[in-house]
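Presented sequentially are two complexes of chain A, the first with chain B as partner and the second with chain C.
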Partner chain A sequence: MEDKVIFGKREVISLLLLFICNQLILGFPSIMSNSAGTAGWIMTIYVSIIALCLFLIISKLYSAFEGKDLLDIGEFVGGNIGRIIVGLIVVIDIAFIISIKLREYAEHIKIISFTQSPIDFLVLFFALGMIISVYFGIEPLARSAAIFIPFIAIGIIIIVAGSIQNFELSNIMPILGTGSYDIFVGGLPRVSIYSGLISILFIPPFMGDIKNIKRIGILVITISGTVLTLGILAYLLVFPYPTSSNTALPFFELSRVLEYGRFFQRIESIFLLIWSLTGLIYLSCGLFIIVYVFSKAFKLKYYRPLILPVAIILSTLSLIPKSLIEIMYIDNRIIRYYSWIVTFGMTLVLLTIARLMKRKRGGITKNGK
Partner chain B sequence: MGSKAKKPFIVIVAFVMCLSMTGCFDKREVDDLVNPIAIGFDKGEGNSIRMTLQIAIPTKVAGGGDGGGGGGGGESVSFTTVEAPSIYSGLNMINTYVSKQLNMSQIKVVVFSEELAREGIEKYINALIRGREFRPNSYMLVARGTGNVAERYLRAVEPELESNPAKYYEMVLSAYRYTGFSANTSIINFYKNMVSESTQPLAVLADISQFENSDDINTDNSTYREKGRDYPLEGDFKAGDMPKVGTIKSEIMGLAVFNGSKMVGEFDGEETQLQLMLEGNFGYSFVTIPDPLSADNVVPLNIRQNRNPKRKVEIIDGKPNIKVKVFLEADILSIQSGINYESIDKVTILETSAEKFFEKGLMRMLKKTAQELRSDTAGFGKEMKGKFFTWDEWTDFKWIEKYPDSKFEVEVDFKIRRPGLMLRTNPATGTEEGEQ
Partner chain C sequence: MANFKKLIKDIFAFKEPKPQEEFILKEKESEKIDDVSNKNEKSPVKEKKGFIRSLFTRSSNDEKDSGSSDKKNNKLEKMVYVSKDITENIDYLKKRFSIPTNGDIVLREFDILVKDKTISACLIFYDGMVNGMLINLNILQPLMLLSNLDIKDKGTENKNISEYIHKNLVTHNQVKVSREFDEIIDEINFGGCGVFVDGIDIAYACDVKGWQHRSVDRPNNEIVIRGPQESFNEVLRVNTALIRKILKDEDLVAESVSIGERSKTPCSMLYIKDIANDSLVNEVRRRLENIKTDYIFDTGELEQYIEDNTIMPTPQIIATERPDRVASMLTEGKVAVIMSGSPFALVMPTTNNDFLQSAEDAYVRFPYANLLRVMRVIAIFMSLLLPGLYVAITNFHHEMIPTDLLFAIEASRERVPFPSVVEIIIMEFAFELIREAGLRVPSPIGPTLGIIGALILGQAAVAANIVSPILIIVVAVTGIGSFAIPNFSLGFSFRILRFVYVFLAAIAGFLGITFGLFVQSIYLCNAKSFGVPFMAPFGPKTNSGYEDQFFRAPIWKQENRPDFLNTKDTKKQPKISRQWAKSDKKRGK
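Then we have the complex of A and B:
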């Protein structure tokens, strides 16, 4: 692999927060409202708790492999084949998600601002940014995330706090929305909103002395759970169900209705800033993980030559769906339903096998190390 | 990449990015755009609509008060009307003869004719909400009367105190905060209420004055007789009926009441104030109440709503039982009779009388919404919604169908806070009849 970079806890947390919380500015609030009606915010809390529990199990199993990433663990379990299989599964999973998100961001910018620009031009526009940022490596990306996250947070706070005047408590009634079954059983696959958490298991080699994945994970899930819950709660308090379930760009819409007197209007310009910053960093991180995992899975010395072809493949894949409606369907019905299978399912299975094998080989002492 | 190649690479990339960021496909020079500030919809032939745009003329608006063309709304705006099958096809047609491209993002007011509103405006509202350029906070108006009333209203708007007609609309439609005679009926609120299971939408009533000169003024169309009053108070009018003449012909007063997307009735100014009180959105306003001890006189008060109303909905014998308590406070503006209502012993007489006055008005207005209009304009369904656990249980309850059977209990808590700058009224002294 190329030059070894190391960054701190703050950068890791910022990257992971962006990876998970970017959904807030896409269709996430509408999707949660569509799934659970007025109880979309309860469902968000619920899936955050589930994600936390799953992560605690993962971190417990992972404790025996500190400093290693998922590919190293794959190799430990199945040798080269194991590493390649794990690598390919992760690459395909993230490539699928990133290509859809790339198109989603491009479609959204077309709706909001560049209405006459061809979609391939807009996809290219994002892809170019991704290629350049990934070319410079993960370190500038992580540091950019750490720098921009306060600005993004301020933007979100302005939109949420500014909406308080439009809050109406009755909008989140009936309290259980479409019903407890929809929330607690139907909502289980929605734990996929935390699928970005898989990147935490590829970060250890970049973390230097910081070994405490568990603490970082708990912090990230807690903060993202809080941000996502407050975001969707603010949205639901402004837009009553069923209006809340049929908005293409919920957070953009939330910013559009903000108005304080004759001077404080058209706040969506703030939204555009946080939207583009988040989108570019998120998509670039996604591209980096793909090329990094691929190169490590196949033990390639350099990952940079992969950037351009992978970006072209992602852009091409993103243009396959015919319309935004199709993209929204894939996002809602596939990504946010099934992406937990790789993040939590595969990881749990792999770590369990690895731990059993390590125990069999006598590699685990009483304290689990 | 070597450090020698890195710098040129960064420069080239930055250059390419700069070029692509200019948005060449979407470039629209500000000078090439024209901004309509109001749009009106009247019923056209067959399924068509007749759409009127009030377009701001930037050079005139910018002229402001220095004589450069501002001052007269007729000079700072131009009008065009087109008949088209839909809003967007109409815009397309207008773009063929207006030299600049229409940009709808400055629209402040959307006016529907009463005829169209009574037929139902769902398809137009959906189109406005779906459109990216239309602002969700634009005000919704219904122009009273028959024929091309929306066009007639827009053409009659001639702001005299504002060179910028957009500012005129913003100011005049936010005046409900200190008059209570209209309400914040934005498109987004209208849409939310239109699809809601717990409340119904409203729009501001608009019309042009029916009187040409002072001699024509009468109160024939006032609603005071329906209320059993001997004379009209300031709230007993709807837009177009106000007893006034002047250079400003346009009027807004009262609300158009909808059931779903169809207009079913109207509120006059007083009912609009009461509607705002029920919602807790009443700011402050001068309100005249009859003098409790002198039938020929009135007591004007400056009334504020200092607390949100207490609202409670219960189902008794299958029918909604709605209890409302409204909290108001007031400053005395004038006592025509000269009776010393400022004194400790008499102030309660005025307070009790005001309480009864508002209770009677609220009861009359609520019964009208239930029995005549069958529309829950105050959104009592929102209180009811909280009593259910799931959405299906709530929609199965069919609140909107049950609301017309509602029984109401209204209570008003009214407190006089200040007597103004006079602590008591001294009678005029003289030898003529009625003077001391």
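Then we have the complex of A and C:
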């Protein structure tokens, strides 16, 4: 039933963009400012280029397996066990990220305008949205993402463009921030901000005729790289260095300085719509990948029965950290540091082995002939 | 208790989804015309049934059989074919039409003189449903008086009586000859006149419909300033003729389908055969033919029988009373269904954008149409979200209101004892009540209702400090917004959803509203109308056909038909439709 679902290029790109760019409205700008000072935007460009290079290698290796997803490749390498191991690694990785992000979104919403609501109530709202949307499958989710993305983009453009009047060029001086070592060597693990790219390797079975994930990947990395760079640049131009690395809600702070005339002084609540919408789409997409990968790894016929338990597990996990500070620490020090291991590390290793095995098998058959 | 257990089990336990045949409008290349008949569909399912289930089905079949046999015993023995003996036919007709209990049926017996023989005959019709003059002049007169005329045709000698009557005597344009009783009786039920003649085992059904009906009138609900001012009435053939009059295309096919086992309501399925996708036409036909009910009265009922999703608040089929609108949608490649007795035509498949358009959009100039459309979208958002936003802002997001306005709102709310949710629900309820009462009230009392509504809900409620004046403005603007929605059904769906948004806003402010919008968009993106995604061409995005969707391009730019309809002919007009502009330029050169 699920295999019939097919969606177009635009839907895929919208989903992936939301999957990567959503961090702009979370802690990302202050994380970047934290690690490279005023040069956070240079680091974003640098990391995007590295992600692009890594993706090009991945897509080159992947080209022999067109139309297959990471689990099929895992099966090709190590049979059923290979598939299950790859599946479990991906599930654990994404479940960890999604549960942290779920809490982060809820905490942000709480700070923005629900200061008196208990956090589990807000988590419940997101979890409910995730459950309902995943119940309908990925197709409506991808279509909704494609419909909503222009509105989200307009919101972000309004924030960035509106803050131009507060730009202070001296805020991004010195250009190289805390130093080139911090940017180019210390910044390497920050390629983890593109950890969402792993989902592109699960999309091919849904893509129908469009098999060229290379073009989609390049487009997504370029657009999201540009969006993230511009976003962080605007943020760094408005807030001076020590302040910029300490804010919990960097992009929200940016939206708070917006002023359009006397009447519209506090329009940041409007952005709450964009915040929660992005969060809902991102988290639902994450939940879908978890249940989809899990069901495919264990060859389950239906993924729907998994939705409720997985959503409950995710929201329970998200409530474990004690405070926003702990969440921010996990996001900054663990997710943004080590999630590249699964996205790029595991994928590269797996694809290399698969490629070698394919060549070997191909060689045997050739000799056999 | 058992029901409660089942309910709990249904909610929490996983049920394997039932295999459901889902219709998807496929691309032209892979198009398969599969006109699946009901029998073929059912048979494989039957085979799959287990032993226990088969026992059940057999028993239920037995029940049905026994039930039907009981019915048969009560009813008169059915005559399938027309008898040669006219007395037998008359007796049967009398029983079947409950003569003489039935007051409006007329059974007229008379004699015909054919080839120097006197043959007894009878005709039967419903008084009031037929045109009496037609029967007198074109049926009775030739049969009774003119039958002994010397018809100058040598061939007549060889003809048998039945053929002679049909070919030479009944001077009427639409005559159906049949051996089957049911066929003749169906015609009589629908304003025909049955003619039975002794000695022949066939009967004639002449189409002499002549009942009273409303004439073609101005549209009542879809009013336009520019454009034709005709609307459908309750007569099927008048309605099909109205569309044909506009389209003047022999490729426009009006297939007849009858729905309702007892009512046998005639319907017409219209499509342009070299534009509409075959599989779409087949699907509409399949759904229409597979409706099993006894009576059906209006396209409002038919819509509920053939729509994809019953629970979804948004309608999935457009109902219109304007022939020009149906015609324009037919040219896009859609299929329309008209039903006898209903002044509304159904057009399918429908996408979200169709509901936001009015007939006038095409007739007014490009900038005006777009202004209207933008206004309409704003109206929709107002009618859907404004009360919710009011509740969200007053309860959760005070900071986003400019200080002066906040003071104004708070000052007006100071003496109101209710929380804003209760306040708005009271007012919305009152507004819905006025709207409903306004529709149902006899027209002489109408003005009273206006006074009560305006006085009590407007002034008195504010004066009594039950609601705040700002809230009256919110409710009024919401009401006006809902009146600007061009489709009546869609307006209904927003009226329902508005309360959901008020509720969501009350529990979680903007987060609740966003949650609602997200779930609604997921639901809409998941919906399909006759195999076409409801949110097409935006979700999923299609290649072409954007010229007349959210905004309208200038008319010369509307070159393609919507891509999601997968029409046979995708082009509406050439790239340059205003050829004069091209030739003028050339001339200039």
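Things to note:
Throughout what follows, the second predicted complex is superposed on the first by the 358 of 369 C-alpha atoms of A that agree within 3 Å, B and C clash if a C-alpha of one lies under 4 Å from a C-alpha of the other, contacts with A are read in each partner's own complex, and residues count from 1 in each chain.
To be clear about the criterion, a residue touches a chain if its C-beta (ideal position, glycine included) is under 8 Å from a C-beta of that chain, and two chains touch if they have at least 3 such contacts.
Model, not experiment: these values are computed from the prediction.
Once the two complexes are laid over each other on the shared chain, residue contacts for A:341 go to neither chain B nor chain C.
Shared-chain residue A:37: touches chain B; no touch with chain C.
In the superposed model, A:125 lies in contact with both chain B and chain C. Contacts of A:223 after superposition: neither chain B nor chain C is touched.
Using the contact criterion defined above for the overlaid structures, shared-chain residue A:188 touches neither chain B nor chain C, since it reaches no partner. Once the two complexes are laid over each other on the shared chain, residue contacts for A:114 go to chain B and to chain C alike.
Touch criterion met: A:176 reaches chain B, while chain C stays clear of it. Of the two partner chains placed by the overlay, only chain C lies in contact with A:133; chain B stays clear of it.
Once the two complexes are overlaid on chain A, the chain A residues touched by chain B in the first and by chain C in the second are 113-114, 117, 121, 125, 128-129, 132, 262, 265. Partner chain B is touched in their complex by these residues of chain A: 37-38, 111-118, 121, 125, 128-129, 132, 168, 170, 173-180, 239-243, 253, 256-257, 259, 262, 265.
Those residues of chain A whose C-beta lies close enough to touch chain C in the complex are 1, 7-8, 10-11, 109, 113-114, 117, 121-122, 125, 128-129, 132-133, 136-137, 139-141, 143-144, 146-148, 262-270, 272-273, 276-277, 280-281, 302, 304-305.
Here chain C touches chain A in the complex through residues 14, 16-17, 396-397, 399-400, 402, 508-515, 517-519, 521-523, 525-526, 533, 535, 538-541, going by the rule given at the top. Taken in their complex, chain B has these residues touching chain A: 13, 16-17, 20, 23, 25-26, 132, 135-137, 167, 170, 188, 191-192, 195-196, 198, 379, 382-383, 385-386, 388-394.
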